[in-house]
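As written, the chains take the letters A, B, C, D, E and F, and residue 1 is the first residue of each chain.
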Amino acid sequence: MTATNTNFFQPVDAAEVPRFAGHSTFMRLPAVPSAAGLDIALIGIPWDGGTTNRAGARHGPREVRNYSSLMRRAHHVSGIEPFSVANVADIGDVSVNPIDLLDGLQRIQAGIAAVVKEGAIPLSVGGDHLTTLPVLRAIATTGPIGLIHFDAHSDTNDQYFGNNRYTHGTPFRRAIEEGLLDPKRTVQIGIRGSVYDPGEHDWAKNQGIRIIYMEEFVRRGAVDVMEEARAIVGDAATYVTFDIDSIDPSMAPGTGTPEIGGFSTREAQELVRLLQGVRIVGADVVEVAPPFDIGGITAIAGATILFELLCVIAAQVAAAR
Amino acid sequence: MTATNTNFFQPVDAAEVPRFAGHSTFMRLPAVPSAAGLDIALIGIPWDGGTTNRAGARHGPREVRNYSSLMRRAHHVSGIEPFSVANVADIGDVSVNPIDLLDGLQRIQAGIAAVVKEGAIPLSVGGDHLTTLPVLRAIATTGPIGLIHFDAHSDTNDQYFGNNRYTHGTPFRRAIEEGLLDPKRTVQIGIRGSVYDPGEHDWAKNQGIRIIYMEEFVRRGAVDVMEEARAIVGDAATYVTFDIDSIDPSMAPGTGTPEIGGFSTREAQELVRLLQGVRIVGADVVEVAPPFDIGGITAIAGATILFELLCVIAAQVAAAR
Amino acid sequence: MTATNTNFFQPVDAAEVPRFAGHSTFMRLPAVPSAAGLDIALIGIPWDGGTTNRAGARHGPREVRNYSSLMRRAHHVSGIEPFSVANVADIGDVSVNPIDLLDGLQRIQAGIAAVVKEGAIPLSVGGDHLTTLPVLRAIATTGPIGLIHFDAHSDTNDQYFGNNRYTHGTPFRRAIEEGLLDPKRTVQIGIRGSVYDPGEHDWAKNQGIRIIYMEEFVRRGAVDVMEEARAIVGDAATYVTFDIDSIDPSMAPGTGTPEIGGFSTREAQELVRLLQGVRIVGADVVEVAPPFDIGGITAIAGATILFELLCVIAAQVAAAR
Amino acid sequence: MTATNTNFFQPVDAAEVPRFAGHSTFMRLPAVPSAAGLDIALIGIPWDGGTTNRAGARHGPREVRNYSSLMRRAHHVSGIEPFSVANVADIGDVSVNPIDLLDGLQRIQAGIAAVVKEGAIPLSVGGDHLTTLPVLRAIATTGPIGLIHFDAHSDTNDQYFGNNRYTHGTPFRRAIEEGLLDPKRTVQIGIRGSVYDPGEHDWAKNQGIRIIYMEEFVRRGAVDVMEEARAIVGDAATYVTFDIDSIDPSMAPGTGTPEIGGFSTREAQELVRLLQGVRIVGADVVEVAPPFDIGGITAIAGATILFELLCVIAAQVAAAR
Amino acid sequence: MTATNTNFFQPVDAAEVPRFAGHSTFMRLPAVPSAAGLDIALIGIPWDGGTTNRAGARHGPREVRNYSSLMRRAHHVSGIEPFSVANVADIGDVSVNPIDLLDGLQRIQAGIAAVVKEGAIPLSVGGDHLTTLPVLRAIATTGPIGLIHFDAHSDTNDQYFGNNRYTHGTPFRRAIEEGLLDPKRTVQIGIRGSVYDPGEHDWAKNQGIRIIYMEEFVRRGAVDVMEEARAIVGDAATYVTFDIDSIDPSMAPGTGTPEIGGFSTREAQELVRLLQGVRIVGADVVEVAPPFDIGGITAIAGATILFELLCVIAAQVAAAR
Amino acid sequence: MTATNTNFFQPVDAAEVPRFAGHSTFMRLPAVPSAAGLDIALIGIPWDGGTTNRAGARHGPREVRNYSSLMRRAHHVSGIEPFSVANVADIGDVSVNPIDLLDGLQRIQAGIAAVVKEGAIPLSVGGDHLTTLPVLRAIATTGPIGLIHFDAHSDTNDQYFGNNRYTHGTPFRRAIEEGLLDPKRTVQIGIRGSVYDPGEHDWAKNQGIRIIYMEEFVRRGAVDVMEEARAIVGDAATYVTFDIDSIDPSMAPGTGTPEIGGFSTREAQELVRLLQGVRIVGADVVEVAPPFDIGGITAIAGATILFELLCVIAAQVAAAR
């Protein structure tokens, strides 16, 4: 690991200022107005306009910020010190519109595009899973990218409530149709739960998406599964999206569409750690819905997964420097 | 009171079947497929597409149904037995669309229009306050009607988030612009809380809406205020809308936009009882948002206000027979 | 007030031992095995076998004990120091049987009879309201006594679920039938909420019970109402029963049969303070159901009402010494 | 899998009607008045009269119905489409009596007997575990049947609180004594937690019941354990009872007698899926106690286990057609 | 009211940016590093080192910030627009020390002294009530000031747990002893609840403090009581401290020492509005303890009282300009 | 196992007295005033003065007592009957001081010293982890002892908030410095989560402490890890400390410093059972913080771990007799 760059933004030290004190920002980092000068921009997307059942992910960024105060400076397994090897800050929330879906999508895209323009990697906190679509629109401007997708649901359905094409159950179908994702470089891990139809995932599979159901994950384990996942996305640009509902509802109850039998947080951490080596051009944690959370455990899980992702991306930034 | 019409639908008797048993319907009445043959149609509008802050009113009808099992057959003060003097049933929920605002408004209007067509009075449970707009569109088809409006907020703002004209902060401005409401026969009671601008209510007042702020209510009391309210709407057709946030957040915490200093439930009950004599062509209870409720007390309040409204309307039905 | 009897049991002092420390007993008094030597016996009745809807009052004594740690030694208005003028202790819970209603009633009666035999006044914490029936059986052994009854419900129904005569909706009808209560010396205060039938209270009224509905209380106020109540019971032996559901559900949500529009805790305190002068031979606080409580506020209300009752009874004990 | 029988009842489609809309029924199926014409009858048993500690399972059916709206039409692993291969509906709740234990048992038996008479397989949702006794009385009318029993507790105790023989800790002892169960065809899986006596399970073992403690399950795994379980019950008629407290309290906190160290929901799902091949004549999910639930996670677990059981039974129905 | 000073800091507009979006600050004002240039400095004191029972007020500032997003720009009764007539911002939290009481007191004093030095009026959010002592030390540097004190408790005890002189039950005794407060210009309003000793308030009364018990307030009403309060403090410098436990526990359950029978929020608002005319040199809202809050209602009450105080102080600033 | 000593204290039998009845004590054992005559003294330490973030462990003993009513008389795996082979009782809580850290430490030490003096083994319930320091001071009076430490955190930091040396993050550093612990006979199991510095544990490791991170535990399993742990502490006197935050936050959310990826309760039970053979001179369960608990699951976990520890120690007592 390289020596600390003393010009980088640093989080408030909890041994000096207690975790409950001060303004709430991601990882207790400074709040800055833009991604200028950053390697990694932590950003909130407080929007759940695509939610078909239980809304509330609009409140996700605030609570993930609150509980991210529990994070410290270094990763206890990898030893990565993200704030020493990368310039990271909290750039606030993108502009949203809670009552106009299409306008909401455009605002989110614009917000992420501004990050990308500055050369920073966006690491965002949703928001429902439809937020990933405008994020991909902002990132995949020069051709389809790869995707590693942790989720209980494939989110490749076509339409809801008549002919509504944009919901949190459809973003990855839209992203493939729009040429943002390369389905052959897309892998979904943890998929489970009852389906509308036995053939519900046929479209995705026919496109070339690799779906690793929870049952396969349980048989094979994280190391084996992630080896395959890394092989699928290869060396090219890849987005990582972590739907908190991939984690079991007992460990992440605060979400819109819970499905029992999910990842333990321990498994989730191992999966994210095994992302090392992937060329990540952006990542997110989505579907944390605080109104349905209990005791903040979903927000704690979300904040910790965010920290795990940050460490992986920071190591990549350091290696590329 | 007239003798019981034994052909009317009757609620399940809690002295025979405990309140926690059986399918959950409004007041434990039978679930029927349409308003045909009904005097009063209880109906849910599970939609919160116009909510600008904390969504969740989409879950309102379900929880109000659950807690309405606490209601019994007769009003202990007026002696009204609504199920004996009017034919009442639960006709389920209108069709909604949680991700398309304009489609949602149309579906709600169509659902209520079907009730009106059958000659039944719609008594609905929202849903956020924007749901009242399509309800009014379905009811006020032959000219503007009167409105008695219990709320913490005037809901006569113009636009949000750019030029969005349809939110739960704007329905009554739209209704007046559309000729659905007669502003001179419109009275708002319980308005309070900080405002965007000291002149925020000027448009409403200029239209002729009478705003009775909470402070005036406290000074004058329910009897005096309702005498004025009844005078304002007079003998013509009037809609009654009860926003649960008119009640204090300690008694109705499960709502999107709480404002302290609200009505006590006792005051709210008295206000509704004093509606007797108004010619009610429809009524609703809105903004019960169960994800923010605690211990079900908001749903209990909502269910009881619904029962109070039902008694008033049933008495009117009986009187008109 | 007489000087402190230093032989009396004293509560733990919160200025010496914090409220959260030590075993949990009523008012932090010593736990003693029987009522021998006591003037007033605090006792739990953890039983809800008569509950027709939401059970949970079986857990009432434990939580009221927990929150009664908030009580201090003296009443701030009357100046009464109950532990200085009366010997008071926590004698534990009566024996109960959660799965056999009739055996449960007998066990409760036996437990209270043991208190009465020792010459102590039982001040109990339920349990559901059916527990008051066996308490009255243990106390009213020489003829009917008077009753001051704070409640949302008259609890004078006849039968439930076929021909079941013992539920928490029937105790006072049974008590009158059994000659335990003198209906002409019985007053019920705070009755409200929808009823099964407009004539539901006719039996009670025909017996001579005075029902003061909530609406009458609101009009007249506590002083006037309690003057009448004291006149009704006169100088003879009287039992006082306080159903926590007489208090508004926002202030006492943890109960089985909530009815909005209840007493504020402030009103409840005033009512109990106005019991001074009544010859109380026993009292209870019932229907605190912790599984439905939120933030302990119902248990706090129950514990404080218990303290208010204790002060009144202690003053009576002191006056009679 | 056979083609869809278009005459079968179908659940509401969540891609057309959001999950929060409409009346709440099991799996969003139609509510029908009886089991006539059904292959499988979903039925609630809202009764907890046998509960010795924390009551609340009486509210189980309502909340399991609510959260069963999360289920979709097909099983993602087995591909079973229960509503296509079997006629399934929600027939409501059996009649219960919350204050008379023996009457309660008779009502439940009668309710299930009516299902059996129609030739439908009852798949019920409790209620506490004593409800399984009257269910077995209704089913095992021609001789003892087998039992696969998932639970933390053996529930084969003899008496409580004196000589009370009917509690949720005794149903399977009673069922064996009454000749309803063949103890040699009875297997209990997941048993754990402190016991009243080291020999507490001796009676059960002496009868021939096979108890697979949690520790043995952990060593052997679901596949091996269920192979043994299937061998124990063989090809003859077998009842399956799933006590939600077999699942860990962190994943199913809403229950009366929690014991840590339970099944994960993932393990529970695997166990139920491995029931395929058993000849199931009835099944239940019991001890979901919503007043002790948090965030609905117990109800979600209960609803999903209900769906898993439904899929297994539906496949059996289809195979037998 | 003077015209808006366009150089003043302005809150984010909820009609442009939804309330759940963006970093959380008091009233959605900008976060600034110091009080330089401010008229009024909003500041958090996240410290509860003096709490003798239930701690948690250390988390108060964060939650009050969160819920203060519900505030808008203008007061609906007085018309005051605080952000137009005064320069107000959120200067963050003072430095605290959660494990060293004396160091904690010094840090708080230093933090407030820095505000005073800039000429700004500190309007702080605690924190337990002991935090008011170091605030007074920072403000009353030139002689004793007056105090208007809303609380359930007098907080003038002497010692706890042996000879500990600094707890949240003792600050005003210490402040008088230290010459920070003029007891003859000190008034306490809303005092209630059981006391350690009937003479518990004798010291305070002997010093000249005017205690207006809750019962007196109920008899006289807010207008009369506040007329007296304003007369007591007169025209000289006065501090205003608002303990959230002065409000009833049903409306402010999230606090350390709840006492039933408190102010309604409506009464509390009226009391604060009647502070107009007092020369306020600092004010605080203390004892909001989020771990004991339910549904955020205590934080909402705290945030609104903060806004009410802000309006009064801003009007005073404007008048003095 | 030796025959029951009928003179030993026995818990209340839940088949005779329901779990919710009676005063709340550890395991429903008698409350006795001192450790005289006991083999094992169950004792509460309601103190969290060393907590740097979320306080609340002061309330731990009360809730662990409440939920320990779920424990029965015998261990279902080992068959140990602790109350038959050892004399065990609840001796209440040590004296504490919530507002003076150093006085608090002294009081705790004195309380435990009194137990040790009686020759009983203290098995305590915290309280935060700093409470273990004064416990060790009371026990390790003749030289350093060994330690088996289950925790998410090493708790060997040096200073907080300036130069504060006593917090719940520093006890084991202080204990080693004070010669209470032999670092070469100290093993920490389950350590995980982000760290202040990659070298944060260097001091501990340099002292000779063996840290088994969660990741190593997952690889090796409980049997292997505990074999090493037993070898490290050998045959000499050893203390066992169980921080509830070693368990995953989903299973033990009620704690001050949650870290995802923790032990399952099943793993925790196995670990504690594998302590058999260690010479335990004292043990504790710490950091149960009820204000952050949900549904009591943390208290249930704490109570069960307490029972598991009790069984191991009781077996040791029996073996040594």
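Note that contacts are C-beta pairs under 8 Å (C-beta built on N, C-alpha and C of every residue); 3 or more make two chains touch, one makes a residue touch a chain.
The structure presented is a predicted model; accordingly, all values stated were derived computationally and were not measured.
Common neighbours of subunit A and subunit C under the contact rule above are B, D, E, F. At the interface between subunit B and subunit E, two copies of one sequence, fewer than half of the residue numbers in use appear on both sides, so the contact is built from largely different positions. Chain centres here are means of the Cα atoms, and by that rule the chain farthest away from subunit A is C.
If you average the Cα atoms of subunit A and of subunit F, the two centres end up 38 Å apart. A straight line joining the Cα centres of subunit D and subunit E is 55 Å long.
In this assembly, the C-alpha centroid of subunit C lies 40 Å from the C-alpha centroid of subunit D. Looking at subunit F, residues 18, 20, 52-54, 58-59, 98, 160-161, 248, 250, 292, 294-295 sit in touch with two or more other chains.
Taken as a contact graph, the chains fit none of the simple arrangements: neither line, ring, star nor complete graph. Of all possible chain pairs, the ones that touch are A-B, A-D, A-E, A-F, B-C, B-D, B-E, C-D, C-E, C-F, D-F, E-F.
Residues of subunit B touching subunit D in their complex: 17-18, 20-25, 31, 44, 46, 58-59, 61-62, 65-66, 90, 92-93, 95-96, 98. Contact residues of subunit D toward subunit C in the complex are 48-56, 58-59, 97-101, 103, 160-162, 164, 166-167, 291-292. Interface residues of subunit B, counted against subunit C in their complex, comprise 1, 13-16, 18-20, 70-77, 79, 81, 248, 250-251, 264-266, 269, 294-297, 300-301, 304, 307.
The part of subunit F that touches subunit A in the complex is made up of residues 52-54, 157, 159-161, 191-198, 200, 213-215, 218, 248-250, 253-254, 257-262, 292-295.
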